[in-house]
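Pasting the structures here.
Heads up, the next two complexes both have chain A, just with different partners, chain B and then chain C.
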Partner chain A sequence: MTENHSPLEQFTIKRIFDLNLGGIDVSFTNSAAFMMVSIILIGSLMILGARKKLLIPNRWQNLVEITYELVAKTVRDNIGDEGKKFFPFIFSLFIFILFCNGLGLIPYSFTVTSHIIVTFTFATLVFVGVTVLGFFRHGLKFFSIFLPPGVPIFLAPLLIPIEIISYLSRPVSLSVRLAANMMAGHTMIKVFAGFVVALGLYGIAPLLFLVAIYALETLIAFLQAYVFAVLTCLYLNDAIHMQH
Partner chain B sequence: MVRLKENHNRLKNLTSKIDGFKIAKDSRRSKKASKIGYALRLSTEFASALIVGLIIGTALDKWFETKPLFIIIFIVLGIATGLFNIFKSVRKIKTNHLHEKDSVDNPRK
Partner chain C sequence: MEVEAAKLIGAGLATIGVAGAGVGIGTIFGQYVAGGFRNPSASSKQFGNVLLGFALTEAVALYALVVAFLILYGF
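Showing the complex of A and B:
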């Protein structure tokens, strides 16, 4: 098997042109290119879709409104009225991840969210933001998140480390979940596509299966973006309302 | 005047009817999607706690040069945290599920 046909070849980062900024390598890669494509697509969809402001929306406006309402509902259900302030953040996060996942499903394209460094950056952003918000809102009382109320005091030495590890594991689980799902799905698609070629005429069986997997991947691309948004809401809610 | 009032009442009835349907439909749809979401969420809860425990243990061992004391302690704590995380999420799912079931049965509530 040549290097080109490896199922993992799709995840390599290629430089499009070199760029060096004060000794730091900031070359423009295919990853950056696909991030830019999704930003441009999101921007044009939102601006063009919401431009006419029709009373009876056309298809584009409807799409924009449905997306808006989905996120708005999620924020309202999970955080409450105080969540309105965080709506722009959650919306940007959700739509960016959704478009990156979606663009990755196009053959020959690159999936930005399959790289753990990208998702970990998002998750760290959320994690640091939530922690800062918690301390900003509750001051030092925010430390009481590590000791749930009503716990007997002799259990505290055991529960506090557990709660601290649990708190620190949030960004890890958030980022690993998204990246692993994307990577596993795309690898599986590529492997099955290899079977189609190798089996010749009998390749119709894996081909049919491939169609099913592809549909599942489309669902997962949406669901992972949604789960990311929901969990961000839940963490924000923990920091704002401080309850267990 | 009477007719106007009657029309107004009919409109009100219709609006509340539509709202009832909307709520019922919404909760049905979100229930299905969130079930798959829960399954995807649980898959990494356990592993991530273990990874964090491992990282903390390794870092502390390197710092105090006490290999393998802290790694063992924090792996055990990591496993405990993973189980605890899963337990917490399942408890949350259960309460949410009961709540949703309630709102589907009586959409007006």
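Showing the complex of A and C:
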């Protein structure tokens, strides 16, 4: 553990089991291991917590109900009644990102969502899904989201390219927001931890600051998962209702 | 100029973009507090919007940070 000199060393991917399928490297990495831990934790919390189905919930069932109601309220407020079909998707997205962010807070662990390829996969799924959904529902009239209603016609050649660029930048912004938040936060934690060790007895000052940063990082872990879910709901609302 | 020196200068300059996010986040929370003084009963309903606005503005600061990291380690 004393060989980790750089604060960016925590993001390296290490292979745990080597596996080669026809020339493609599908080894079991630490990223995959933490994804599995996250799924096991989510499954055990949700299934075991609500197993007894008490009318007056105990602590674990209350936690499950609060999480469910938070995501259900978000979906209901942003999409409306048609959003019920998308609730399992939004809930899975939210709870998986939340647990992956939260697991990364444990010292010496690995943050799955700090890699741009992971968050880019999430964002591409959302973007492609929303666009395909829009085309299935509205046909070619889906292109009218690029021209907001009530815009004078001489502004249209200026506005439509801007709208197209902002639509195409959605997966980029969605993925970079999550990955950069995770990477920046954890790098800052490691940098300050290095200060604590280097200062010896006076390391109490950066240690107190580290406590504050950990609190901020816990808030950010939850907030980024919530923002991802809310933005997915907003994009779905755009595609389904198209008042834009 | 050597590439290493140019990378360091570029990364330092790219970090200036974080200042805009400081202004933005201060504006959001300042407006929330000011609105709370005018209409205290409505402020609890807006807290969700405040957090959403904070996260979206923070993302812009992190885009600048990503550019700085790209310059420093990507090229």
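By our rule, the second predicted complex is superposed on the first by the 241 of 244 C-alpha atoms of A that agree within 3 Å, B and C clash if a C-alpha of one lies under 4 Å from a C-alpha of the other, contacts with A are read in each partner's own complex, and residues count from 1 in each chain.
In the analysis below, contacts are C-beta pairs under 8 Å (C-beta built on N, C-alpha and C of every residue); 3 or more make two chains touch, one makes a residue touch a chain.
Keep in mind the model is a prediction, meaning the values are calculated, not measured.
Once chain A of one complex is fitted onto chain A of the other, the partner contacts of A:Q224 extend to both chain B and chain C.
When chain A is checked against chain B and against chain C, the one touching more of its residues turns out to be B. Of the two partner chains, neither chain B nor chain C is touched by A:M36.
Look at A:V128: by the touch rule set out above, it reaches neither chain B nor chain C.
By the touch criterion stated above, A:I162 is placed in contact with chain B alone, chain C being left untouched.
Once chain A of one complex is fitted onto chain A of the other, the partner contacts of A:I13 are absent, as it touches neither chain B nor chain C.
When the shared chain is aligned, chain B and chain C each come close enough to touch A:R177.
In the superposed model, A:A205 lies in contact with neither chain B nor chain C. On chain A, the patch touched by chain B and the patch touched by chain C overlap at residues 173, 176-177, 180-181, 223-224, 226-227, 230. Listed in rising order, the residues of chain C touching chain A in the complex are 51-52, 54-56, 58-59, 62-63, 65-66.
Taken together, the chain A residues at the contact with chain C in this complex read 173, 176-177, 180-181, 184, 223-224, 226-227, 230. Across the complex, chain A is touched by residues 26, 33, 36-37, 40-41, 43-45, 47-49, 51-53, 56, 74, 77-78, 80-81, 84-85 of chain B.
Remark: chain A residues 73, 161-162, 165-166, 168-170, 172-173, 176-177, 180-181, 219-220, 223-224, 226-227, 230-231 touch chain B in the complex.
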